[in-house]
Amino acid sequence: MNQTLSQERILHLKQDYERGFIRHCGFKAGRVDHGRFGAFVDLKDHHRQQDGFVHAGVMATMADHTAGYAAFTVVDSSFQILSIEFKINFLKPAFGKGLECRSTVIREGRKVIVAESEVYDLREENRVMTAKAMVTLMAVPGESLV
Amino acid sequence: MNQTLSQERILHLKQDYERGFIRHCGFKAGRVDHGRFGAFVDLKDHHRQQDGFVHAGVMATMADHTAGYAAFTVVDSSFQILSIEFKINFLKPAFGKGLECRSTVIREGRKVIVAESEVYDLREENRVMTAKAMVTLMAVPGESLV
Amino acid sequence: MNQTLSQERILHLKQDYERGFIRHCGFKAGRVDHGRFGAFVDLKDHHRQQDGFVHAGVMATMADHTAGYAAFTVVDSSFQILSIEFKINFLKPAFGKGLECRSTVIREGRKVIVAESEVYDLREENRVMTAKAMVTLMAVPGESLV
Amino acid sequence: MNQTLSQERILHLKQDYERGFIRHCGFKAGRVDHGRFGAFVDLKDHHRQQDGFVHAGVMATMADHTAGYAAFTVVDSSFQILSIEFKINFLKPAFGKGLECRSTVIREGRKVIVAESEVYDLREENRVMTAKAMVTLMAVPGESLV
């Protein structure tokens, strides 16, 4: 596992982060280091439920996807990352103007990688942890994806 | 807990299901019974990742939201349902033309409700379980939501 | 993956099931089929908490271990099975004279196997599902265990 | 929620920790603070599997039980604590001479409490995190336990 990420690799991962369903959700990549990946989103009405709170699915998607990219930072660029499973606890309702997610690898295995994601609600006056997830991922050689 | 749902209650829950982030995701309510809720989605490019597979966040959002509405079928209409936490395993990649979700309540508590959600990938020739979730929910009187 | 288990393999798995910490807990192997493993325990005072209910750890240990042996039934005898992670929901308190566990493989992967375990409380008059778990396991060639 | 624990309360919780199945497992209470509970165990042959590694059930039981007592430190002494569910990831095999568990409350709700447990393998030369769990608990008034 490489301990230093090239600027090229970081740029690639940040661009790769923001595609498909994640673009539809409006999530943006943030700071990237070995074993760590950050992300954020400006919250719009379409992220909320009818009661105004952010939908659990928004937080779960962010926690899962960002954990996957934290895992990408600890494997060679020839590997793909798959989510095997995750668990998320919703700690506080989120109703602020944005969300921030910070994912950290806690097990750097050759095949099985485990990462934690903390999701924060960015409110007017403060920043509150709204959800926490533990995500199990698998590194697979690029060609054996299916 | 009432064992029969009125047509009015079923209609209300089906309409209520399809709002906010869930409308943004294009999910539609399906069949509703006591302790059971179904849903489906026609898959578009914005549900996928760059590799063409459906994003784990789409399945997780569907599993969580549909479990919540299965929980609504076992409580009085004055109650709100909150997701406390959920866990989801991704069993097979999804790449079909649609997803179907079936959620079933397995613990009908007064406060704590547990439901399972099975997500199926609707492929040309068959229908494959792509993810399974176990969701813990809480029933709270409507006025004490926050 | 073989679809029929030899009597020799079944006998081996049943004997192998009841060792170490599992012997200390008094669990016994039950019925075995391809993808399925059963187990039971006669409940003693040392399985309980001070309030008389069976300890969550007893049910969790049974759910995890039995899922592992369900996984053994779908791999070649040269493979070892490791628990990667599990999640368990406690549905009802257990206070009966015994517990029964039934584990079923729901994903038969070459490397990653997923099984569910249902734990039942055997009461005087009936049999109640007291806990349900979803367990992620990995099959590894015997020599590469560590 | 009280922020300071009396010496009497700490002593009571430490004694209460070591009963029933937990005594059978040989776990001992360690350091106690508001929102935190520690525990340890000297590992014996009966904690292990046939391959010499500590059984996942030992770590899961310790993670669950210690999280429960961390929850006891944030509620009034008239409340009981129940495990609703937990999830545990096994990060490294444990084969040392002892285990240590540290549980920390990450959500101090009036009813729903969430705690994390980290389990460490105490090896000859170092100390390695072997498992991590996220536990959802419920505080219930003593008399309404069932």
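Labels A, B, C and D are assigned to the chains in the order they are written; within every chain, residues are numbered from 1.
Convention: contacts are C-beta pairs under 8 Å (C-beta built on N, C-alpha and C of every residue); 3 or more make two chains touch, one makes a residue touch a chain.
If you're wondering where the values come from, they're calculated on a predicted model, not measured in any experiment.
Counting C-beta pairs in contact, the pair that comes out ahead of the other among B-D and A-B is A-B.
Using mean Cα coordinates as chain centres, the one most removed from chain A is C.
Taking each chain's centre as the average of its CA atoms, chain B and chain D sit 33 Å apart. Rounded to a whole number, the gap between the C-alpha centres of chain B and chain C is 29 angstrom. Distance from the chain A centre to the chain B centre is 22 Å, each centre being the mean of its Cα atoms.
Residue positions 84-85, 87, 89, 114, 134, 136 of chain D are each in touch with at least two other chains. Put simply, chain B touches chain C in their complex at residues 87, 89, 91-92, 106-107, 114, 129, 132, 134, 136. Remark: chain B residues 84-85, 87, 111-112, 114, 134, 136, 138 touch chain D in the complex.
For chain D in complex with chain C, the residues that touch the partner chain are 16, 19-25, 45-51, 54-58, 60-62, 64-65, 80, 82-90, 93, 145-146.
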